[in-house]
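Look at the two complexes coming up: chain A is in both, with chain B in one and chain C in the other.
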Partner chain A sequence: MTLQAFLQVLASGLLMGLLYALIAVGLSLIFGLMDVVNFAHGEFLMVAMYATFGLWLATSLDPVVLMPAVTALMFVLGALAYFGVVRFAMRARTNVGMVQIFATFGLAVLIQGLAQFFFSPDYRSIPKSWLGGKTLDIAGVFLPLPQVFGGLISLLAFAGLYLLMDRTDFGKALEATREDQGAVALVGIDRNRVFALGWGLGVALVGLAGVVLAIFYYIHPHVGGPFALIAYVVVALGGFGSVFGALAAGLIVGVIEALAATVLPPAMKSIAVYLLYLGVVFVRPSGLFGRL
Partner chain B sequence: MLPDDHATEGGRALLTVDRLTTAYRGLIAISEISISVARGEIVVVAGANGAGKSTLLKSIAGMEKPRDGAVSFLGKRIDTLPGHEITALGLAYVPENKRLFPRLTVADNLRLGSYLHRSKPDRDAPLETVFTLFPRLKERLGQRAGTLSGGEQQMLAISRALMTRPALLMLDEPSQGIMPKLVDEIFAAVQSIRKTGVTVLLVEQRLAESLDIADRAYVLQTGRLVLDGTAKEVRDHPDIRRVYLGM
Partner chain C sequence: MTHRQLQLVLLSGVVIALAILPRVITDVYMLNVLVLTLMYAALSQSWNILGGYCGQISLGHALYFGVGAYATSVFYASFGITPWLGALAGGVISMLLALGLGYPCFRLKGHYFSIATIVIAEIGLLLVHNWDAVGGALGIQWPIGPDSWVTLQFARDKAPYVYLALGLFVITWLVTYWIEDSRWGFWWRAVKDNPEAAESLGVEVFRSKMAAAALSAFFTALGGGFYAAFVSYIDPESVMTFRFSLLFALPAVLGGIGTLWGPLVGAAVLIPLTEITRSYMGGSGNGLDLIIYGALIMIISLAKPEGILSLFHRNAKPDARP
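Entry: the complex of A and B
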């Protein structure tokens, strides 16, 4: 492999990795906050892609312009998922873990079914947009503009998340709730409100990724599954609940996948990612930055 | 003996607990307890292990749901409210196990205490009180709460509660598991806290020391109220002298 080809693979991998990190961070945030694994995470990604597509059809505005609206919508959907489903699952008196798994899994099945019913299983795409199909040429390394945009959005989202957690009262309330959800009432914090906002935030983050993906990827009711699978690997690799572990792990997964694609047949490129995952789980089950 | 009416003399009580009963899994932990606390008092609830003292505080603070009875604070029924709303009304509670946020710094724990207060003066004023009470917390601001000594954790837990700017502070066994020297410091702090205008309801096993600083006392035994009166009356009661004070 020439240096140029290597740089090309590395850059593509890093950009995809940033997007994987953005998809995974909401999952990790929600898990860290309340020990609930959201099995409907991929479906929220799919909904965000359809929302972008639908709004583009209706308004013919560019996805980049639609991003704030879709993100806000996803925030509301996340909070509703907490109030409508997860809150009740958490009240289970026995086998809470199982009840939560089936509640979010059921939500996933429901969202997929609704998408099939209303949007049909057809593949859709946004054929023309500001960024779609365009590339950036940096000294012979070609970077697709939608992915560059996605990488920037991901970095901005992580920076924003850092500021939120480190500087704001709400960030401290999130941290306190993940430490001891039974104790926050002692300082006047309503944990249900924090949980709902946490779900809103987590789903809004995957919504950001959905808008980016809608620019260059096919949109269909099952599009979320493969991305969700990678998100679970990223979260486990980075450490369950660790927000910045998700960033590091996303980048690692993106690069490994890109490198594997150059030596393995295309159909097998994911194998390297899952092998890496298995290795980490054996050596360090809590993930790279996990607390478990 | 019925609950006395000292607390209601010349004005309404700050806190009134009326025939409160709480059960865990069908077992009665406290039965028909009635107490009252007036503004500016230090009231101690005493009794042996398992007498139901902690259950009483948990039931008042909204951490345990009472089966029967009523709790009123500032003239408002609070026994059906969730814990965070009770805190917001001005009733702060430091549980026996403190429930600090151990991975967060001392500064962040204090900051969370003033979560309900957005304005700078509302945050700075109690912070100053807290640093006057426990100067050593100021030196520990950047340290994680979980790395503090038992006594310092107790100080932080009391301070976090004071940051909510309460009218009533409920403390559950603040002297438990800390060095004797710090015990005196904690009891002295309780007296200073009262001087800042905060009423204190204290649960303690150290009866002699707590009667020294209290105005009135209630004594619980196996979930029932068996004695109440002024601190002096309780201290001089023959049963108390024999059983608790070893005289």
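Entry: the complex of A and C
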């Protein structure tokens, strides 16, 4: 492989990795906050893609312009999912883990059904947008503009998340609730409110990724599954609950996948990512940056 | 009569009732639903050994199901070996596979373990997909032959499949029944409830998990072999996807995880509802069947976290976990 080709693969991998990290960070945030693995995460991504598509169809505004609206919508959806489903799953006295898995899995199937009901199982796409189909040429390395935009959004989101967690009262409440759910009630923090905001935030983050994906990817009711699987691997690889572990792991997964695609048939490239996950957790059972 | 004897009597009653059903129901569609219900009950019973009793939540059992289905199909379609032996071979291969995979995987805990099982099953799916010797993406079509108990092909009468699925369910039930009261059963529950405490009391935690995985994989593969014979055509997507792994866990969870009757009760509620909504509403592709199916899973798991069975155990202690 020439240096040029290597840089091309590396750049594509890093851009896709930033997007994977953005998809995964919401999952990681929610897990860190309340030990819930959300099996409907891929479906939230899919909803954000359809929301972008639907709003684009209705208003013919560019997806970039629609981003704030879709993100806000996803925030509300996340909070609703908490109040409508997850809150009850957490009340279970026995086999809490399984109840969470299957309550959120049921939600995922329900959302898929709704998407099929309203949009049909057909593949949709946004054929024309400001960024779609355009590439950036940096010294012979071609970078598709939608992915560059996605990478920037991802970096901004992580920076914002860092400020939020580190500098605001809400961030402190998140951290405190994560440490000790019982004790926060004593200092007047409403646990339900923090959880709902955490879910809103987590789902809004995957919503950002959904808008970016809608620009350059096909939209259909089952689009979430493969991305969700990568997100689980990213979150576990980085270490459950570690927000910045998700960023690092996302980048690693993106690059490994891009490198694997140069030697393996396209359908097999995920195998490299899966083997990487197994290799890491067999040596470090709590992922790269996990606290166990 | 002791509680355990009562269970056996209950099983006899259920078996007699289910054995009579194919004489009463002649509708092929309803018989199909019955076969699938019993098959998923057996598969969920197998999953329950590892997931329910030993507490190791595997979401990758589609791997063992696929190995069973593929071993049976390859042996029959390529070499003409009876599915009885093919399924047994698949079971043994799966068992060895489970032991080999369990060795590194059982060091992992909680979600790290579950995700490892998902990922391993996905690797299996991708490998089979690209493995031309077993048909690759096209899969394997069983040669058409006359109805026979040797080849397990019954084109006209579906009743034999009901008996086969029922037989598989009874075997997995009896194994579970026997284990519940054996040393392994007590070890598994100890491993599930508190592995550290179990270890300090002399329970061999690692060996317990390995034994549960081997047994669970063996019977899951038998189920795969049965399914291949039943549908006579398999491809990677129809036996090895993540959806199957969830479908094996789901009846046990909905019925009552780690209980003797949970998988059957869960399957009896879930499978007919799924199949009937799918055939009455799924055809149009408008997603109504998915909406009902999803809502159902959500509602049952939220309303009855201990499973449907807990409705009948007013005084039973729920299995307490910290």
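In this section, the second predicted complex is superposed on the first by the 292 of 292 C-alpha atoms of A that agree within 3 Å, B and C clash if a C-alpha of one lies under 4 Å from a C-alpha of the other, contacts with A are read in each partner's own complex, and residues count from 1 in each chain.
What we mean here is this: contacts are C-beta pairs under 8 Å (C-beta built on N, C-alpha and C of every residue); 3 or more make two chains touch, one makes a residue touch a chain.
Everything quoted here is computed from the prediction, not taken from an experiment.
In the superposed pair of complexes, A:V64 makes contact with neither chain B nor chain C.
When both complexes are overlaid on chain A, the residue A:L110 reaches chain C alone and has no touch with chain B. Contact comparison for chain A: of chain B and chain C, C touches the greater number of residues. When the two structures are aligned on the shared chain, A:A185 is found in touch with chain B, with no touch to chain C. Legend: residue contacts after superposition of the two complexes on their common chain; A:K172 is shown touching chain B, with no touch to chain C. Applying the stated contact rule after C-alpha superposition, one finds that A:S120 touches chain C and leaves chain B untouched. In the superposed model, A:L7 makes contact with neither chain B nor chain C.
Shared-chain residue A:V281: touches chain C; no touch with chain B.
On chain A, the surface touched by chain B in one complex and the surface touched by chain C in the other have no residue in common. Within the complex, the chain C residues that touch chain A are 57, 104, 107-112, 115-116, 118-120, 122-123, 126-127, 129-130, 242, 246, 249-250, 253-254, 257, 285-299, 301-302, 305-306, 318-321. Per the touch definition, chain A reaches chain B in the complex via residues 169, 172-173, 175-176, 179-180, 182-191.
Chain A contributes residues 31, 37, 85, 88-89, 92-99, 101-103, 105-117, 120-121, 221, 225, 229, 232-233, 236, 240, 265, 267-268, 270-271, 274-275, 277-278, 281-282, 285-287, 292 to its touches with chain C in the complex.
On chain B, the positions that touch chain A within their shared complex are 61-63, 82-88, 92-95, 99-104, 108, 111-113, 115-116, 160-161, 163-164.
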